[in-house]
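The data blocks that follow each hold one structure.
Two complexes, one shared chain (subunit A), two partners (subunit B, subunit C).
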Partner chain A sequence: MENYHLNYSINTQPVPQKKKIRRNILFSQKIAPYIFVSPFIISFLVFFLYPSISTIIMSFQEVLPGETRFIGLQNYKKLLNPHFYAALRNTTIYTIWTLIILIPLPLVLAVILNSKVIPGRNFFRSAYFIPALTSTIVVGVIFRLIFGELESSPANMLMKALGLHAQQWTMHWGTGMFLMVFLASWKWLGVNILYFLSGLQNIPKELYESAEMDGAGVFTKFFRITLPLLKPVTIYVLTISIFGGFRMYEESFVFWQNQSPGDIGLTLVGYIYQEGFMNNDMGFGSAIGIVLLAIVLVINLIQLKFTGAFKKEG
Partner chain B sequence: MLLFTLTMTVSLLLSGCSSEASDSGQSGKSSDGATKLTLWTFVEQHAKFYKYMADEWNKKHPDKKIELQATTYPYDDMHNKLLLSLQSGVGAPDIADIEISRFSNFLKGKPQLVELNDIVEPVKDKIVQSRLNIYSKDGKYYGIDFHVGATVIYYNKELLGKAGVDPNKIITWEDFKEAGKKVVSATGKPMITIETNDLWSYWPLIVQQGSDFYGKDGNVTLDNEINVKTLEFLKQLLDEKIAKAAPGGGHHTEEYYGFMNKGGAASVVMPMWYMGRFTDYMPDLKGKMIIRPMPRWTADGNRSAGMGGTGTAITNQCKNVKLAKEFLAFAKLSREGNIQIWKQLGFDPIRWDVWDDPALKEPNKYTEYFGKDIFNTLMSVKNEINSPTITENTPKMNQLVVQSVLYKVLKEGSLSPKQALKNVAKEMKKQ
Partner chain C sequence: MESMARPNTAVKIILVLMLLFIAVIALFPFFALLLASFKPSTELLRYGLNLKLQAHLLSFKNYIYLFQEGAKYLIWYKNSLVITIVGTILSLFFSSMVGYALAVYDFKGKNVVFILVLAVMMIPMEILMLPLYKLMVSFKMINTYWGVIVPIMVAPVAIFFFRQYALGLPKELLDAARIDGCSEFRIFFNIMVPLMKPAFGAMAILQAMGYWNSFLWPTVILRTEDMFTLPIGLSGLLTPYGNNYDILISGSLLTILPIIILFIFFQRYFISGLTVGGVKG
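Up next is the complex of A and B:
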């Protein structure tokens, strides 16, 4: 009612009835916000909530054209097989490796790139970021050739130059894991550097200056000022890295096209693809998806609680 | 504003759908009266072949012209798109190529493909029968293949010559093994390569003996005696260095092409359609390779097996089923079409009554590469070509045989042939 009067007082000229109502909607403090968020809400409902609910329903079904039926928990029972365990193991180990590499390394590199004494730091900043702009699939093809099996492949030439044995890179579990982690590290290093750089820019210079006056050295400054003040960024990077690790698919796909020997490159998302599309078992694929969602959710909740991210909200 | 947002969203959604629809192009009449038919395939050469056949069709049938829109997608992409559009009931093309190892996915539940019995029956007795059964369910045919995929052995006669081995005297696999020993000691090169990441070195050998992963009744026979013995034989060849695991894991990798092109091994067992890989990727072997029937396992055993394949199907979303069927029959079941399949694609066509047609003896890049007697070899094994038994679970079975049997036995050596086959058989019986 209040709004109505407000509008009316502004519009001195009498407005036709229809127009007035439309105006009222636009100026109404109750309705206008909903209009502004509606594009997001609608796309969320159509492209996220609806598929999510469908997935949950499908995970209890056998999905076949014309013959879809509910089969209870059978899809979830099927999960207890060695391929799922292999996928879970590969994905978890891959995620841990990317966390070990893709958090400390970009952090240190960001600090170095942020320092004014490094020559050509703008060049290095962009050089580190370029891999992130490339398509994983295209890069994967190149990597696949570099790490070819023959003695004459570039990676094997390097191995021999270093006095090591040539490897059949895509044929063994250890080297396969190395390939995936290496590709991911190469590609995502620049992005994480960017996050840390922006975090570093937000640290007030005065802190360093006063620390210097108190006689703090480079390492003291790093551990006592930089690290603690970068904590919010680190938590953010950690969260998306865990998420990114568990949803990994392309890094494995480019090396084995989803047919890795002995499941050495099978990931959870790859397993969804394998069962859902390659074997036309959408119900089972959905069940794997739901379990993946649960795993990522639980891990991220634990991690956020552990790092105290929830406290700030309260 | 609300209206605006809604229209925006809705039009976005619609344009998404409609562009999808025009992509797949629901059939209709085009301006010059020709009926539009859409076709999806995953091989560029197939698309070219269909376009050629569509032109031929239009010359012969000016009264019912077709306008063929053939689109080539990458292998995985095409099968996934097709699966989803058939599941959801919109967006599928009229005609689609479906590769054999994915075909059974499309027969699960109520097949969303059109029954083709009425075009198959008239020529059924002229077609290699086993090629029809692999695309059938409950006596109804849903796909038509390009080729028989008769498995043969490609010998490098130069390497055999150095070792003094006459390929025509290799009758059985035992002979083959003995000849292999000679080749290895004379040339230092392996007699044969074996795939560890694909099926083509194992599957043909067991189908050749009338065995398979599944019995005719659909039961898992993966760990039967023949299969165990055959895998043991392959392992033995590798252990005795007569064979080498294919570089890159299979016969379709860059590593392998490079290796073989340099005369890396004296022979390879692959289906006829592998000829194209030789002509395109291993040019240096031109004139050195010859094609022979596979060695036998017993004195009167078969000398070939029909492997691989692509079933062309008509989807139930097709609006002009009658015309699509007529065109498909013309392209892939007629004598003319079968001759073109050889001429353009280098495949051994499914109609054996064209195999002795003079048109198949005309020189082309395959006869230049392998010699003129290609179809004589094929005619000689005409009645010895079994095809595999395909079931609903074939895609998964094939995947497991590669990942958990061949890799573990032939590459890793972590399991015995018997144990590996037993494990997978046990898992597949639970499906």
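Up next is the complex of A and C:
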């Protein structure tokens, strides 16, 4: 307390007017936070809010170089075409598949890897994580070779070893979807395992001990303790998986580079790219973007409503 | 976990075999890439990838092609490095400031700013790539490093992470420093930034990986071969009509390898950087 007074008196010594103002800005606890957050505010206004408004406006326009005119809902009417349906369908089914695989599998693997009796747990954790380090585009090169069309490609050799037929993987809808989902699962499995592992470490051990005393078996404990207590992590993984699913583009690009046979690899983001950049139709591209935005917002809102995530974060 | 207290040996063996099987799937593509990188491209074109060792075919030729005159690989590498390093430094600088302020100060509009951070986090940037492209055209940033970096420089995910971390900083230190006559900015740069080192480590990894691996946005911005980054340059070698495997395979390997080596040394930072949000307490 004494110290405080001492310093206080030093700080309030008369200072020339100009210098005082500068000092005040640097020292003011009122002004400093605004300076600190200003980069975000500027970035938000310029690179988020302005483009958002701009894309909404463009979605009602025909955007040609040098001349732009309003055409009402025509861009949205144009959405009713087979390419858009294919993009929407592919993106949605892809997202659902990644959810079906990338939530239960990592959860179970995390439970196994959390068990002290399993040898080499650190090795497995690291090995599963390494795919997440790679660029999908770059690693896709080797996936194309592994799933090559030739009878002698590794994937087709495996098919034959299993008594199945060799496939032309990138030529059909089903196998094409498999390729994209497989690539994504391969890449993100390890990351999701780590999320669940961190969730498991927060579950108090006493819970399991007292359950054991009550004679609970492995499965009872899993379904009655582990699963309910992992709910927050599961919701988080679900959220980022949906987010990742609907913005998917690279998994498709590595196999087809924007020109898949019969749109089997077309995604919503890919369709925005095709229409906006390749066909130079920014207005129509914006309309696709708005639909994607609406989907993402609705899913976010449903999640917030059902999980009450807002209450926790706020 | 205790729920699997004492599984009998048979169960244990089955579980370990299953884990091994998945590890093989996780690592197999890297092995295949390594093997293919030593094989001549004519072999890959004609017979595809096979897993036989074929010692007589193996050579370092594909790696030599990368450094040949006229090959753009080194230029792409340089572009990727510049964008990654500059972008990461700027992202850390700005995001840490914002996150710190959201955690430490009470000010009017703080909650609004925080909600906006969350909102931006929840909306994929790809949706806005058309208007952003037009904006970059008017900023004259097309085909420049800045065009790639500036729109994603203030990263909401990193802001969020720094905020969570800064919530745990000792507030007493802040008051003590004020009493000693430190300005708010000196407190941040000289006292708090050193205390947030682990957060900087984790976010440096996350941001650097993001820039190194990013593809769609750089594709939109970077137009000439001399400005391409590695993913763009390498993906350009993929065509529906046959691929230029000599550079593609060895080039891909040398794009991935440095990250895996870094991972081995800085595992902890990688893991906390790439699992943002899920790790609480």
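Heads up, the rule we're going with is that the second predicted complex is superposed on the first by the 286 of 314 C-alpha atoms of A that agree within 3 Å, B and C clash if a C-alpha of one lies under 4 Å from a C-alpha of the other, contacts with A are read in each partner's own complex, and residues count from 1 in each chain.
The rule is short, and it goes like this: a residue touches a chain if its C-beta (ideal position, glycine included) is under 8 Å from a C-beta of that chain, and two chains touch if they have at least 3 such contacts.
Because the structure is a prediction, the values reported are computed rather than measured.
Within the superposed three-chain model, A:236 lies in touch with subunit C and out of touch with subunit B [touch as defined at top].
Shared-chain residue A:215: touches no atom of subunit B or subunit C.
Looking at the shared chain after the overlay, A:150 reaches both subunit B and subunit C. Of the two partner chains placed around the shared chain by superposition, subunit B is the only one that A:64 touches, whereas subunit C remains out of contact. By the touch criterion stated above, A:130 is placed in contact with subunit C alone, subunit B being left untouched. When both complexes are overlaid on chain A, the residue A:277 reaches subunit B and subunit C alike. A simple residue count on subunit A separates subunit B from subunit C, and the partner touching more is C. In the superposed pair of complexes, A:293 makes contact with subunit C only, with no contact to subunit B.
Touch criterion not met for A:72: it reaches neither subunit B nor subunit C.
Within the superposed three-chain model, A:81 lies in touch with subunit B and out of touch with subunit C [touch as defined at top].
Shared contact residues of subunit A with subunit B and subunit C: 26, 35, 39, 42-43, 46, 145, 148-150, 257, 259, 277, 282. Within the complex formed with subunit A, the residues of subunit C that make contact are 1-7, 12, 15-16, 19, 22-23, 25-30, 32-33, 36, 44, 47-51, 94, 97-98, 100-102, 104-105, 107, 110-111, 113, 115-118, 120, 122-124, 126-135, 150-154, 156, 159, 179-181, 183-185, 188, 209, 212-213, 215-216, 220, 230-231, 234-235, 238-240, 243, 248-249, 252, 255-256, 259-260, 263, 267, 270-271, 274-275, 277-281. Those residues of subunit A that touch subunit C in the shared complex are 3-4, 7, 10-11, 23, 26-30, 32-37, 39-44, 46-48, 50-52, 54-55, 58, 109, 111-120, 123-124, 126-139, 141-146, 148-150, 152-154, 186, 189-191, 194-195, 198-200, 202, 205, 208-209, 212, 218, 221-222, 225-226, 233, 236-237, 240, 243, 246-247, 249-250, 253-254, 256-257, 259, 269, 272-273, 276-277, 282, 285-286, 289, 292-293, 296-297, 300, 313-314.
The residues of subunit A lying in touch with subunit B in their complex are 25-26, 35, 38-39, 42-43, 46, 63-67, 81, 145, 148-150, 170-171, 257-263, 274, 277-280, 282. Those residues of subunit B whose C-beta lies close enough to touch subunit A in the complex are 1-2, 5-6, 8-9, 13, 76, 79-80, 83, 86-87, 102, 105-106, 108-110, 112, 196-197, 247-249, 254-255, 258-259, 393, 395-396, 399, 402-404, 407-408, 411-412, 427.
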